[in-house]
Structure formats: structure tokens, C-alpha cells
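Note that chain A is present in both complexes that follow, paired respectively with chain B and with chain C.
Then we have the complex of A and B:
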């Protein structure tokens, strides 16, 4: 399971405050705790102050890579911000979060991915109302993957995110997302699927419980990457258990080692 | 009479739609007039739902269920209400602004407004400034409620307000904005009339401004 660590996101209060003060120590600490907790990529999102996203995203890139050698996931819907931040990345190949089927975003983000040899998170999202059913999600994802392949991307560099919407407003949405994951991976062997979890529990109590239950369901349906907070020990314990239960952990070695390392609390 | 109205209020608050319909029918059969059911049971129920949501006691699905129950009960009462007593409170346009395709928050506001007795025209998602302007001209609403869920599209709110000004219709409507990244400060900055911190807050603001 590829873990994209999500904590450095301007939608979080603590990060917004750190961005406001350009608080290097706070960001460095976030990088460090996520790296220690098993992150494979560090996601960087600086988008909360209108007009300052480009500057803040570049600052996050500089600050994060002064601390870690882990690859970065550059997170912005704004192609201008991505274009400014990507050239600053050194070290391992970055990931871009994200591209979708909106014509302008597609046309601008794809060349950036090619130029910077980046992996791509591909949202099953076009223009118009978001795709709610599994079939609609699969249709959009397929169109997007085919366009990316036609442009020279390889499946192993594509992480399809079918998007999940709150089960509190549409009780069928969790099942639609995991069903779409299964179908997309069957249709394009070698492609990855990825998802953030927090949206699924919007508006509900006990959100972390809902998030990790959804994670287990997604893993059961083949999802092989996740945008999560790796410092959430209960979530990580669920991840290890789900991988063991659903045939993704031969001889349950990772699960047992996690136990032996005291991680299954 | 008070007992059954209390039951109706309770069923509405708890979003028990089927039971609510039965109780409303029973009340009408017992000779309680539709206007009383509306004013003394359903409308107070909706305020309770909104307050419970804002205080954190109710969760989102509970609020939506309550609002749906409310608008279904209102629809059922409509034929029984004497002409003129079923006036909608006001008319509101709702829409997610240009470049933004998030519809969940906007839909919740729509449901709450309908539950609150407003006529709602839903312009959908990715609504251009021109579409808002045209809808103001054709629908003549009292309110425009705009939603944005990403920082990048918040600027579309500013552009829409500017477009309303240059079309000469800005003064005809009250403009409210909301959505996760939106703040009161931003509302002041772009010259919106109000900011709704959640769906209940948005409806409350509309109610206050109406008076």
C-alpha cells in the first residue's frame, strides 16, 4: 500500500496558521512525524489564501525537502501553482495531485507531468455534476486513463481516484466508489487506485471509525494507494489488518511485524 | 389538539417521514386546519432541527431528513391551505460558482431553504456570472446564495457580484455566500450582503434580512 501522507494541507487550521507565519519548524515537524509513521510520499497543499497559493506551495516544497528525502506529492488544482512548484523539486520523482477531465486543467497539467517525469493522481471528474454511480465513475476514469495513455503516460504512473462523497448525504456513495475501484483495476491491469478518506464521513459522528471502515472496504476492492494521515495509529492498524485479511500481505508478514513493532494498538 | 401538534412537531424533528404524513392526515381529519399545522407544528420543528444542527447535537443526515420531512408535509398541506395563506416566504437562487463542481453543500442549503418555506431556483454547479445575472432578471429573486468549495473558485463569487453591478441589478438582490473555505471576512471583502457558516445559518440570515 502506497501511503501519501496528507497532513500538510492548508485546509487544516494548524497548517493554515503555519503558512500564515511561514513557520518552518511547524512544517518540518509535520514532515518528520509523517515520515517516521511510514509515509511514502509527503503531500503538500498550500491553497487557502486566495492569490498566495503559488508562493506558499513553493515555500512548502523548499521547506519539506530540506528535511526529507521522501518524494513529494504536489497538491493543487491550479496549474500555475504546479508549474511554479515542480521545477523546485529535487530528488525522487514527484507525484502531482491532481489532473481531471476539465479541458483546461487536463491540457495544462499533463505537459507538466511529462516534463517533470511525475506520477499523476487522476480524478474521475469531468465538467458538470460529480459522478455519483460506479458506472459513471468508471466511464470518466476510463476516458481519462485512455487520454493519458495516448499522451505517453504509462499505467504504473497513474493513480485513479474515483472520489468518494459523504455517505451522510448519499448512502450509496461508499459502495459506488469501491465498486468503481474494482472495475477500473480490472479494465486497466497495472493502473493504481487511490482515494482520500475524510470526505466519506462528512457530517457524521465518529468520523475516524467511518474513515477506517471505508479504508478496509476499499482495500478489499483492490485500492493500492491511499491519501491518509499515517500518524493515526488506529487507521494504520486497520490498514495492516485489511491487507492481511484481503490477500495483500503474504503470510501476513507485514501484519505480524506491525504487531511486533507495537503498532497494532 | 395540542397533543397531536406536538406529535407532528416531534415526528418532523426526527425526520420520520411516513409517520409524519400519517399524523398530518389524522390532524386534518380531526378538523385542525392546515395553517395551524404549518404554523404551530412544522415551522417550529424546522427551527428546532436547525438549532440542534448548529449546536452539534444533530448530524448532517438528521438535519437533511428533518428538512425533507418538512417539505413533504408542506407539499401535502398545500391543497388544504386557503388561497393566499400558502405564500412562499421569498425566492432564492442557489448555485455553485463558475469553475466549481461541488454540489453537496449547495444541495443541503437548498433543502433547508425549502424546508424553511422558501421558493428555490437551483442553478446547479459551475454557474457563470452571466447565468446568475440572467436568472436575477428572469426570476426576480430576493436572494442569491453562492457556494464555493475550493480556494481557487472563491474569486468567481467576486466576479459574479461585479457582474451583477455592471448589469445594474445588484441592488435588486441580497447576496449570500458560503462553503468550506469561505469566511465572513471574505464576504466583507467582496461586498456580499451576508455569509452563512452552515445551511442553518444561511436560512437564519435570509429570515433576518427578510424582516
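Then we have the complex of A and C:
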């Protein structure tokens, strides 16, 4: 299970404040606690500060990789910011979060991924209304994967995100999303699926419970990567348990080790 | 989600002791706490006391239905005990736990289900080695369902249990089981799937975490009934969350109500 650590995101108040002050220590601390908690990638999202997106994303890249050797997930809807930040990445291959089927974004982001040998988070999203049903998600994702393959990307570098919507307003979205994951992975053996969990619980109480329950169901349908907060111990306990119970942890060795390390509380 | 409450089972020490003493108060208490916790059926398993199976199962039926109007799930591998206990059932239609493809058991239990208008838990199990892969589970379950349909049972009265094995020794069993559930429900629209959860975590630490994570993944693959302990609050919280997040709880009304009632702690 590939863990993309989500905490350095300008949608969080503390990160927004850190960005406004260029607070290196705050960002370094977020990198450190996520790395210690088991992150495989550190997502860097500099938000939408008018006119400063490029500067802040580049600052995040420099700040994060001064602290860690973990690979980075460069997270921006703005191709200009991606184009500026990616050349600064040293060490392991980065991931780009994200590409979709919007013509301009597709046309700008794909060459960046090719040039910087980056993995890609591919959203099942076109120009119109977002895909709601499992079939629509599979159709859009398939179109996107086929275009990426035609452009020379390989399946192992593609992480499809079917985009889950809040179940408080769209009750069918959770099942549609995990069903789409299963179908996409069956249609393109070797492709990965990924999801940001938190949107699913938007507007509900007990959000962490909802998020980790969704995680378990997604893993039970094949999802093999997730954009999560690895410092959430109950979420990580569910992740360890889901890997053990759904065939990703032979003889439950990792699960038992996590238990012995006191991580399953 | 149909909840078959599992606590009155002679494999539990306290129940075994209650059976040995014919301790009515202990059984009544178990009925009461499970009913209060949200049970839809009360499972009654009198164990294997040599020569006393029939007597004890009948005593459990009498004792339980003196306390509750909830329907009963009569749980015995012994057709003689079932044959003695079923005529004592008053009120709502009982469930029989269980039938399988073993010729004698099938031949004895099926007429009892027909005679007493009972629902049936149908195990994906023949005479030989239990089915391990998803395909084997689907094949055995399909054969059993087809034989039940041919004998006049209707799909809505059949609860298929694909039988999960401990993932500590058979890592693939969790995924095989939930995949089999999905495929069986696709092949026989209207049939139910059910599972006793606890076997999946046999031999592992943090068993309740494993069990509720498995529950979430099974619900994400269609399982619509479960043999569980409804007094396990974290398990029930996962159940509420899984129903909300996988499309069984429109606008998450039940989930929000459970939160407001303090049940999601």
C-alpha cells in the first residue's frame, strides 16, 4: 500500500499560516512526523495564493527535500507551478498530483510527467459534470489511461483516482468509487488506484470513522495507494488490518509487527 | 443489514456454564443486551454436550422466546436437535444455521426449513476439503443455491456464507470470501450473503480490529447480513459507518442518528 502523506496542504489552516510566514520549521516538522509515521510520498500543496503559487510550491519542494529523502508528490492544478517546481526535485522520481481529461491541463501536465519521469495521479474527471456512477468513472478513467498509454506512459506509473464525493449528499458515491477501482484495475492490469479519503465524509460527524471505514472497503476492492494522514493512528491501524485481512500481508507479519510496536491502539 | 446476534453460543465459556446449570437468568440477560444493542435475530447454539444437544437447544428456544419477540436463529449441525427445537418456535419465522452440501445434512435440514417456513444459512461447504478460492466458494454456493431453489426455497430466504478462514494461516481467504460474496449476489440477484466474522482473526492479536475491518470490506462487496456481537460498540460503529459510506443509508440518516445517540464512540 503506497501512502501519500497529505498533511502539507494549504487547505489546512496551520499550513496556510506556515506558507504565509515561510515558516521552515513548521514544514520540516510536518515532513518529519509524516515520515516517521510511515509515509512513502510527501504531498506538497501550496494552495492558491494569487500570484504566489509558483514561488510557494518551489519553496515547499526545497524545504521538504532539505529534510527528507522520501520522494515528493507535487500537488497543484496549475501547470505553471508544476513546471517550475519539478526541475527542483532531486533524488527519487516524483509523483504529480494531478492530471485529468481537461484538454489544457492534459496537454500541459503530460509533457511535464514525461520530461521529469514522474508518476501521475490521474483523476476520472473531464470538462463537464464529474462522473458520478461507477460506469461513468470507469469510462472517464479508461479514456484517460488510454491516452496516457498512447503518449508513452506505463501502467505502473499511473494512479487512477475515481474521485469520491461526500456520501452525505450522494449516498451512492462510496460504492460507485470502490466498484470503479475494482473495474479499472481489472481492465488495466498493473495500473494503480488511489484516493483522497477525506472528501467522502464531508459534512458528516465522526469523519475519521467514516474515512477509515471507506479505506477498508476500498482496500477490499483493490485500491493500492491512498492520500492520507499517516499520523492518524486509528486510520493506520485500519490500514494494517485491511492489508492483513485482504491478502496484502502474508501470514499477517506486518500486522503482528505493528501490534508489537504498539501501533494498533 | 441483518444482524444475527451471536453471543448465545456454547463455544463461549459463560454460555457453556449457563447451559450446564440451566441458568435462565444468564440466557435472558444475553437475549436482552443483544436486543437492546440492535439484534434482528438471536442465534441460539447449545453446543455439543453428548446426548443433551436436543434438550439444551429446546431449553434455549423456550428461554429466549419467553424474553423476546425477536426471531430466532436455531444453530446446530445436528438435524435431530433442529427437528426437536423448530416446532417450539412461536412468533416470527426462524432462521436455521445451517445447511450445506453434505448429503445427509442437506437431506435432513431442507425438509425442516420447508416445514417450518424457515430462512436458511447456506454454507459453501461440501463433503471434501472446504472451498478456499473465490471461484471454489462461488461454485459450491451456486450448486447449493440451485438445489435449494429446485426444492422450492426462494432466494430471499437464503443467506449464503462463503466461510472465511483465518487469514493468519490463509492470507488469501478474506479477499476470496468477499469476492465470492459479490459474485454470488451478482449471479443470484435477491440472494443474501452472511458471515460469521470471528474466524477470520483466529490466532491474531487485536482481533476486534481485524473483525470490524473485515466487516467493512465485506459490506463494500455487498454482504447484507452478519453474525456478530451487537454489544461490541466499535464493531457497530463500523457497521453504521459502512452502511453510510457504501450506499445503504440514504443521506446517512441512520449514521447521524447513531452519532447523536452516542453510539459512535
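The rule is short, and it goes like this: the second predicted complex is superposed on the first by the 264 of 265 C-alpha atoms of A that agree within 3 Å, B and C clash if a C-alpha of one lies under 4 Å from a C-alpha of the other, contacts with A are read in each partner's own complex, and residues count from 1 in each chain.
Criterion: contacts are C-beta pairs under 8 Å (C-beta built on N, C-alpha and C of every residue); 3 or more make two chains touch, one makes a residue touch a chain.
Just so we're clear, the structure is a prediction, and the values are computed from it rather than from any experiment.
Engineer: Chain B versus chain C on the shared chain A, clash or fit?
Structural biologist: Result for chain B and chain C: fit.
Engineer: Look at A:230 in the shared chain and tell me whether it touches chain B only, chain C only, both, or neither; answer first, second, both or neither.
Structural biologist: Neither chain B nor chain C is touched by A:230.
Engineer: Give one of first, second, both or neither to describe whether A:205 is in contact with chain B, with chain C, with both, or with none.
Structural biologist: It touches chain B and chain C both.
Engineer: Considering only touches as defined above, state whether A:71 meets chain B (first), chain C (second), both or neither.
Structural biologist: In the superposition, A:71 touches no partner, neither chain B nor chain C.
Engineer: Identify which of chain B and chain C touches the larger number of residues of chain A.
Structural biologist: Partner touching more chain A residues in the overlay: C.
Engineer: By the touch definition at the top of the document, which applies to A:259: first (chain B), second (chain C), both, or neither?
Structural biologist: second
Engineer: So if I put the vertex at the Cα centre of chain A, how wide is the angle out to the Cα centres of chain B and chain C? Nearest 10 degrees is fine.
Structural biologist: The angle comes out at 80 degrees.
Engineer: Could you say whether A:213 touches chain B, chain C, both of them, or neither, answering first, second, both or neither?
Structural biologist: So A:213 only meets chain C here.
Engineer: Go through the superposed model and pick first if A:250 touches only chain B, second if only chain C, both, or neither.
Structural biologist: Only chain C is touched by A:250; chain B is not.
Engineer: Thinking of the overlay built on chain A, is A:169 touched by chain B (first), by chain C (second), by both, or by neither?
Structural biologist: A:169 sits against chain B and chain C alike.
Engineer: Applying the touch criterion given at the start, work out whether A:238 contacts chain B, chain C, both or neither, answering first, second, both or neither.
Structural biologist: So A:238 only meets chain C here.
Engineer: Note down the smallest distance between any C-alpha of chain B and any C-alpha of chain C in the overlay, whole angstrom.
Structural biologist: 5 Å.
Engineer: For chain A, which residues lie in the overlap of the chain B contacts and the chain C contacts?
Structural biologist: Common interface on chain A, chain B vs chain C: 168-169, 204-205.
Engineer: Taking the touch rule as given, give the residues of chain C at its contact with chain A in the complex, in rising order.
Structural biologist: 167-169, 171-172, 174-176, 178, 200-201, 204-206, 209-210, 213-214, 216-221, 237-238, 241-242, 244-247, 249-252, 255-256, 259, 264
Engineer: Could you please specify the touching residues of chain A with respect to chain B in the complex?
Structural biologist: Spelled out, the residues of chain A in touch with chain B are 10-11, 47-50, 53, 77-78, 125, 127-130, 165-166, 168-169, 202-205.
Engineer: Considering the complex alone, what residue numbers of chain B touch chain A?
Structural biologist: My answer: residues 59-61, 64, 101-104, 107-108, 124-126, 150-152, 154-155, 180-181, 186.
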